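You will see subunit A twice below: alongside subunit B first, and alongside subunit C after that.
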Partner chain A sequence: MLAYIARRVLATIPVMLIVAFFVFSLLYLAPGDPAAVIAGDQATPQDVERIRASLGLDRPFVVRFTEWLWRIVQGDLGVSIFTNLPVSHMIAQRIEPTTSLMLITIVLAICIAVPMGVVAAWKAGSWIDRAVMAFAVFGFSVPVFVTGYVLAYIFALQLDWLPVQGYTPLSEGFWPFLENLILPAIALGSIYIALIARITRATMLEVLAQDYIRTAKAKGLGSRGILFLHALKNAAVPISTVIGIGIALLIGGAVVTESVFAIPGLGRLTVDAILRRDYPVIQGVVLLFSFVYVLVNLAIDLLYTVFDPRIRY
Partner chain B sequence: MTETVLNKTQTAASKAGHTGPLLQVEDLRTHFRTIDGTVRAVDGVSFHIAGGETLAVVGESGCGKSVTSMSILRLIQEPPGKITGRILFQGTNLLDLSEKEMRAIRGNAISMIFQEPMTSLNPVLTVGRQIGETLRLHQGMDEKQAEARAVEMLDLVHIPEAKRRVREYPHQLSGGMRQRVMIAMALACNPQLLIADEPTTALDVTIQAQILDLMRELKSRLGSAILLVTHDLGVVAEMAERIVVMYAGRKVEEATARDLFARPRHPYTQGLLGAVPRLGSSLEAKGRSRLSEIPGIVPNLKKPIIGCAFAGRCPAVTDICRSVAPAVETKAPGHFAACHHAPREAVAA
Partner chain C sequence: MSPDTAVAAAPAAVDVFPAEVQRGRVRTFIRRHPTIALGGFLLILMVVLAVFAPFLGTSDPQALAPARRVRPPSDVHWFGTDMLGRDVYSRVIYGARVSLIVGLSVAILASAAGLFIGLVSGFIRVVDGVIMRIMDGLMSIPSILLAIALMALTRGSVQNVIIAITVAEIPRVSRLVRGVVLSLREQPYVEAAIAAGTTTPRIIWRHILPNTLAPLTVQATYIAASAMITEAILSFIGAGTPPIIPSWGNVMAEGRALWQVAPYIVFFPAVFLSITVLAVNLLGDGLRDALDPRLAKRI
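Let's turn to the complex of A and B:
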């Protein structure tokens, strides 16, 4: 088991290297010149050239990539072109809102989606099942920013139950903190909920047709015991896989959600950095997201052993 | 809540003055509504089992024997299924009980073992947990008591190192062991009736013999009645006291095991017995060396069957067989068959 974890952690290194390469080269190939942006409208070509040289943008790709990588390995994500602050410092400032938003979304989504999928499978073909499936299609097809604005319009502007936008740190109390994140979490989570509910339903349908479910019925178990112990534990592996993979949806969605709800998180930082072509910041944030994604999925692979004793590493 | 239901069914079960058979099935019909018509999987079957008795229900695949056994515990999904008739267990009609009352009977007063030991145990729960579950559910044991009892049950079904095995998962056990676990699970609450649906079909022949031995041993120790559903006449001969032969959802013959094997009355039963290979039979006289077979196939259960269900395959068929369904009649004392032509013994007045 420990050897397996070590191997998996080591295996993340090449993955991260590939991610790093893409992050670096995509921005290198992207149109627009940061030197020109920094220099401003009034600058002469000589000014731009000078700024470019001072940023090291005139040197060959491979040299810059290797140097950059070496610094990253040492934990130095570089300095923002725009603010001159260390990227790690800027990320640290913005990480709390994003982490909070993601965690609340994940918890909320699992608590809503899994029971929804279980009930839909149990009552397959009934109106509940159809309602869940309709919701799932809806959740998939409506983009986050639309859901976000609609939710804000109804629950914040019309009903005045929750704040329209903004963020309150956890240190200022749990309720003000939560209040600001409920609507963003629902907006961000709707696709995620739809995804998890669908997989839960499909997997549960398959599990409920198994012989051991018939055995459980023959033992006199009620539907709750059958569904949530005998069936769900068997369905847990595919469901948790999708929960892990779906984190990618959340990362993408967080960027949009944070813009809609004016949350000062990593998503906003990313958008701002892209608009300013602030390469070091973009690179730092994307690397961080990829790293988190890889780690979460490793954790879920390890979680399989808890659900299914037949899986041993 | 469960407590009261339990008490209720237990009093119902031990109802004073109930003197009839342990289980009496009357005119059981289990039909399934499908897109292209109603399938009459079981169509008017009656039989009874006395306390401590072993009754075998035999027939070929699709004759409705498994559906019959599932119907008794009401494990048929309704809808599309529909069970009618009467299933009297110690005088209580199981078809009148609520789902909750039925749950208190399943795994407790009546329990069931299935054909596929490989897939009938939950792969992600320990064996001890699965045996203990019934005890916690029906006997109100706590986790510790249930586990201790699960160890005893594993001992009872001769699984070595029960203390260790109780914490193992089904995939760590062989097929024979898993069927032993199924039996332990089924017998944990001392049921009055054990329904065994093809309990040995999926096992190797040597393991089959062991499981049959075990079932016989436990039966004599615990006194449960057994409803044995099988297509294996060898198993029937070893286990059963009485036999019900089913064909196309109907009962065609019923007799004691001895009578049925010695003097089968229904042409279908005769065909079944003729299709069983015997060791050494090829050494006998010429002409006995080939296994006989029953020509034709089972009728389509989606259409109502007019006349005798076996008419299309019967060697002794006449016109009346194709138009009038034969009733189950007494052909000899304790020997019933549904055939117009089966000989009837003169019953002494």
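Let's turn to the complex of A and C:
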């Protein structure tokens, strides 16, 4: 078991290296002089020169990559071209809202989606099932900013129940903090809920057709016991896999959600960085998100043994 | 009855009959595949809007009219006007072109590239490990972020948007095709073909390729749907098509600052985008049920 965990953790290192290599080399795959590309159209020759020096373009690619990688390993993500602040510092300033939004969305989505999928599978073919499936198709199709604006229009502008936009840090009280994140979390979570509900329903349908479920029924177990004790536990592996993979959707969606609801998080940082062509910041954010994504999926992989003791490594 | 009338009547009778059958077939098709029918209908509607945009009561989507800024919907401007006085209805109808072109191009390009990489990876074991590690790495970068990173480096244009989204979608297709190839290679008929001395290109062409087409088509529709959403997101955050091109994401981005006073600027492109993506998703679900019953049962 320990050997497996060690092997699995080590296996993420080459993946992270490849991610780092991509993020680094993207800049050089683009046609033209990277320094000029970053500097943009209105740059003076001095700007281009300064950027070229900061990128170290006069040295070979491999040397630059290894140096860059070595700094990243030490936690140095470079310096923003626009603000001249360390990228790690800028990320640290913006990380709280994004983390809060993502965590609330994940918790909310799991609490809504899993029961939805379970009930849909239990009542397969009924109107509840069809409603859940219809919701799933809509959840996939309506983009996050559309859900965001519709929710904000109804619940903030018309009904005035929740704030339209903005963010309050957790340190200023739990309710003001939560109040600002409810609508963004629902908007961001809708596609995630659709995804989890759908896979939960599919897996549960498969599990409910198993012999041991019939046995459980035959020995007189109530349906709640069967569903949550026997069935859901056996369906947990595919469901948690999708929860992990779906985080990629959340990361992409967070960038938009933060724009819609004016949340000063990493998504906003990314959008600002795009408009300013601040490539070190974009590199830093992409690296960080990818790293989190890989780690979350690693954690879920390791959780499999908890859900399913048959899986032994 | 003269022979003349008999001859004249005969073709008419033949004509009526197939029409009945035809109508019956359409009805049967709709009943059997309601999602394909509904998705296809909505999608065709959007294509018609996009193709015939100049003839649908639109004006120049770029025409500025500072005097008529931010007008609510009326009979002159069906969807109102934006902050520069441009007609939102015209911009939304023309916007269908961008979305559909991006969706279709990305679906085709990503499928073709993914098919090629997947076939190579599934057949040439030496490169399989390397290719799949690269794909794992690419897949670890959330696709929207990858597209954002690519777009941050290039000038905003429809072509660059297509390339950026395609690159982000390729790993998933490659993995899918590789999986299909690996399972097909174990099939007795492929083993038989190998034993009979069939060359590898011929095996790929005759036995592998036809079997990858069904899952690939289904995947391609989902890719088209997600590409349209990604394009809108990129344009919305200012990393997509240049503002001069009226895409749904751009129209929404322009309406963003005003959405509390003029929600219709954001609302109409949002509805069109949602309907189009819904249509493609319905089509994908229907195709999956029709083409790949095994997969349909699992998901």
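Quick note on the criterion: the second predicted complex is superposed on the first by the 276 of 313 C-alpha atoms of A that agree within 3 Å, B and C clash if a C-alpha of one lies under 4 Å from a C-alpha of the other, contacts with A are read in each partner's own complex, and residues count from 1 in each chain.
One rule holds for everything that comes next: contacts are C-beta pairs under 8 Å (C-beta built on N, C-alpha and C of every residue); 3 or more make two chains touch, one makes a residue touch a chain.
Only a predicted model underlies this, so the values are computations on that prediction, with no experimental measurement involved.
After superposition on subunit A, the partners subunit B and subunit C are seen to fit next to each other with no clash. Contacts of A:Asn234 after superposition on the shared chain: subunit B is touched, whereas subunit C is not. Of the two partner chains, subunit C is the only one touched by A:Leu157; subunit B is not.
Touch criterion met: A:Ile274 reaches subunit C, while subunit B stays clear of it.
A simple residue count on subunit A separates subunit B from subunit C, and the partner touching more is C. Residue contacts after overlaying the shared chain place A:Arg71 against neither subunit B nor subunit C. With subunit A as the corner point and C-alpha centres for all three chains, the angle toward subunit B and subunit C works out to 80 degrees, nearest 10.
Once the two complexes are overlaid on the shared chain, A:Thr215 sits against subunit B while remaining clear of subunit C. Once the two complexes are overlaid on the shared chain, A:Arg310 sits against subunit B while remaining clear of subunit C. Superposition on chain A places subunit B within reach of subunit C only down to 15 Å, the least C-alpha distance between them. In the superposition on chain A, none of the residues of subunit A is touched both by subunit B in one structure and by subunit C in the other.
By the touch criterion stated above, subunit B contacts subunit A in their complex at residues 73, 75, 100, 103-108, 111-112, 114, 116, 119-125, 133-134, 137-138, 169, 171, 182, 185.
Partner subunit C is touched in their complex by these residues of subunit A: 14-19, 21-23, 26-27, 29-31, 37, 137-138, 140-146, 149-150, 153, 157, 164, 198-199, 202, 206, 247-249, 251-253, 255-256, 259-260, 270-271, 273-275, 277, 279, 282-283, 285-286, 289-290, 293-294.
Chain contact summary for the complex, subunit A toward subunit B: residues 210-212, 214-222, 225, 229-230, 233-234, 307-310.
Those residues of subunit C lying in contact with subunit A across their complex are 133-134, 136-138, 140-146, 148-154, 225, 229-230, 232-233, 236-239, 252, 256, 259-260, 263, 266-267, 270-271, 273-274, 277-278, 281-282, 285, 298-299.
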